[in-house]
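Here come two complexes built around chain A, the first alongside chain B, the second alongside chain C.
Right after this comes the complex of A and B.
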């Protein structure tokens, strides 16, 4: 029988997990040129919530953990096909000339739109993991130090229990259908900005009619065969590979960045008092297991 | 059956683990368990039992002994005379119910009752027997008479080469309660009865038993109190603002803390703020 047994119910374990996930952060930015258009993004992500299931095979699963894009700035640049409206005479001069004329102009070339997509979400659909205890020896600890010397110098050894992911599955980024209108409006505004300021409204309307529905223009320019929302989700999730990057970052984080539980070894059971040193107990053979009911941590007291 | 069927957090320490903890405490806080006069403290080699201690104790200039006054020779005041002595708690062994480590003496009504612990403590002590000093002793002349304005001479403590040592086996039965210390629920031992084996006559035995019971009770209340969070290695959950942790009540847990299966167990229920 182990000297020490600690158990945490599923409810307590879920709270422990939620504390660990709170400290996860992921930031990334990237850009790429796809021929007819180029795109770039900058994201920061945090995790929230999730539903826990403890398994009898020494693993647990978290499902429906929200991946919240606290920041998602997306920039899309595309080449608007160039064309010119030639000059023409509106009111001819009967004596061979033009009293009122339209000077003509050319538009086209690159236009860029910035979209603030902060607040989009994805989900960890399934994270399956076991627990792995690790013994951390502070590399800054000097060879001649006792455990107390190490503690007083802030370089104590630690027992740490990490979450060791078996797999992490992240869903495609959920881009709502409302993005269609947002993108169309943004591109419409960008095209408007190409027009000379002197251009009368009727002329703008005429040209926009000439360009046809902006949705069609966008889908044509970007080669979209599905909805804009699906296209954008795929672009971010797969083409830029954010889903894969997130899966890797989440797995790395749980496996080595932030332990579920850690404490000093030797563990202080009585604090320093009245000039007397603290009393510290060496902990040995730490093991962490999971069954369908609870997490169990067991250890021995060293001699 | 799971450990947390009726609670959210569970912690248990087995008696072998507690006994190792006791050894660590004794080696790292020797001055809580070794009492001696200044002379003995300065000459630890004459103590009845070598004081086991860790290297940090001496490295950080912690004392091996708690220095106490010499035992006064009653009636001697010209000058007053005191004798060097030491008292050392050299072994402590805990046995959680069911009793299977410590054999209780008949005076403590074995077998060990449910939800109790037994403890065997070996205490060694010794006092100087200054026969050479007395042989050569001359009273201090200034202390003759009744004059009250004469400064009393300082106590004389004969130097000691060797203490006359003895050891006693004391047994106690105790249970564990919970007290709030600095806002933290903490485990405290409550002594029920003490018996020192082999002391006669009965009155002396009762006096020694009472003295030791009082000593253990005060020591357990003043010094050997452990926050429940210590049993959980200060689990971070317990310090979260959103979590309220409290001992699981009866029902569903009839004894909390509980002493059974050779272990001390604690059951905690948490409430999560929305």
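Right after this comes the complex of A and C.
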């Protein structure tokens, strides 16, 4: 039987988890060329909320944890084919072909649009984990120090309880349908910016008429067969692999970056007072388990 | 990066078959076999020469002759892996100087870049003027074709400088953004005869070509008499600059 047993209710466990997730941060930027277009992004992410479920198999699950892209700057560059005054037939031949054609003209150029997609979200749909205790020896602790020396110098050893993920599932980035209008407006604006200032208004309207509906132009250039929102979600989530990167980063963070709970060893029972040194007891054989009601931490008092 | 197009496409409004620009070309048939010597003019100045071998054994049905290539004041043409796209060089010109075409084919004189203002004259090397079979783009005839593309919306007067009776009107509609990308309709055709233009009044869409077939001596000019600047209240073209395109706040769906 253990000498020490500490229990944390589901509510207390949720608060501990929320404290851990609050300190999660993830930043990443990348760029790639996809032939007809190139894209780049820069993101910073934090976690928020979630619903806890404690299981009897020594695990817990968190669902619907919001992944909030506090920053998501997305840049899309594409090679606008421009418009052509097509070559036209001057003298048709008797076989419905063209005997004499007048050469056409084409114009075009590369354009880039910057989209601020900050505020987009995804979710940890399911995180299943157990708990694992780790003993942390402060590397700044000198070899000749006693536990009291270590405490006085702020370098006590620690017992730490980490979340040990079994799996982490992150949903595709949720891009709202309103991105269609935002992208269309951005592309239209970028096209207008391409035009030299001397270009008369009628010529702008003519070029825009040649280009046709911008949404069709975009879907054609980018090879979009679904909606723009789905395409962008897939590009960020799967092609750039942000979902996979997030899953790995989240799992790594919980497993080793920020403990769910920690306390120093030896554990202070009575503080120093009246010229007496503090009373501390060494903790050994720490174990952290979960059942459907609570988290239980058990340990023995060592020598 | 700005779009790369020639400013002249949008700033040159009128057209003149005797002073060709990017928006106008002339097609001529050299019906008699033989070698023709051509001279390219900008204004009244000769800027280059070329030869056309009209050979009934030639498989070439169309010889495209870019008059801008003779203009040494314009930038050099694009190069290919084997050198410039020009074949034969001579006296500083960047243009190919020898062409061939079948007598049943056509020579198309056009302008690929620049401000234009070119004319061309070609004739056989013969002492007898009757045998010279002379062609001058400033005086079209014998079913020569002046092909014109009018971009600027508005109403144009059409006249024949060699026939005061010939008067006409061309109206170019204002462009509209439709459900599909706009493409100009097929060219319209106007016959220039002793009696004038037939038809005399034509309505075109922007960028739609109009072909003037010269059945009588012709020098066709199009002059803008009334511009169409589109629907009232349309915004002026200005640079949009940078604008933050932030997403609206998302509300998560509740399961």
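Please note the rule applied: the second predicted complex is superposed on the first by the 275 of 303 C-alpha atoms of A that agree within 3 Å, B and C clash if a C-alpha of one lies under 4 Å from a C-alpha of the other, contacts with A are read in each partner's own complex, and residues count from 1 in each chain.
Definition applied: contacts are C-beta pairs under 8 Å (C-beta built on N, C-alpha and C of every residue); 3 or more make two chains touch, one makes a residue touch a chain.
Given the structure is predicted, the values throughout are model-derived calculations rather than measurements.
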* Based on the superposed arrangement, let me know which partner A:4 touches: chain B (first), chain C (second), both, or neither? => first
* If you stack the two complexes on chain A, which partner ends up touching A:252: first (chain B), second (chain C), both, or neither? -> neither
* To do: Quick one: classify A:66 as touching chain B (first), chain C (second), both or neither.
  => second
* **chain B versus chain C as contact partner of A:197, first or second or both or neither** => second
* Asked: If you stack the two complexes on chain A, which partner ends up touching A:121: first (chain B), second (chain C), both, or neither?
  -> second
* Asked: Touching A:205, do we find chain B (first), chain C (second), both, or neither?
  -> second
* **Dominant contact partner of chain A by residue count, chain C or chain B** => C
* Report for A:57: first if it touches chain B alone, second if chain C alone, otherwise both or neither. => neither
* Which of the residues in chain B end up touching chain A in this complex? -> 2-5, 7-14, 16-17, 20-21, 23-25, 28-29, 31, 54-57, 59-60, 62, 226, 230-237, 240, 243, 262-263, 270, 272
* To do: Would you tell me which residues of chain A are touching chain B in their complex?
  => 1-9, 11-12, 15-16, 19, 146-149, 159, 261, 263, 267, 269-270, 275-283, 291, 293-294, 296, 300-303
* Which of the residues in chain C come into contact with chain A in the complex? -> 1-7, 9-11, 22, 25, 27, 61-62, 64, 106, 108, 110, 112, 145, 147, 149, 151-153, 174-184, 186-187, 206-207, 209, 211, 227-230, 234, 236-237, 239-250, 252, 255
* Flag every residue of chain A that touches chain C in the complex, lowest number first. => 64, 66, 82-83, 85-86, 88-91, 99-103, 105, 107-111, 113-121, 174, 176, 178-179, 182, 185-186, 189, 192-206, 208-213, 216-217
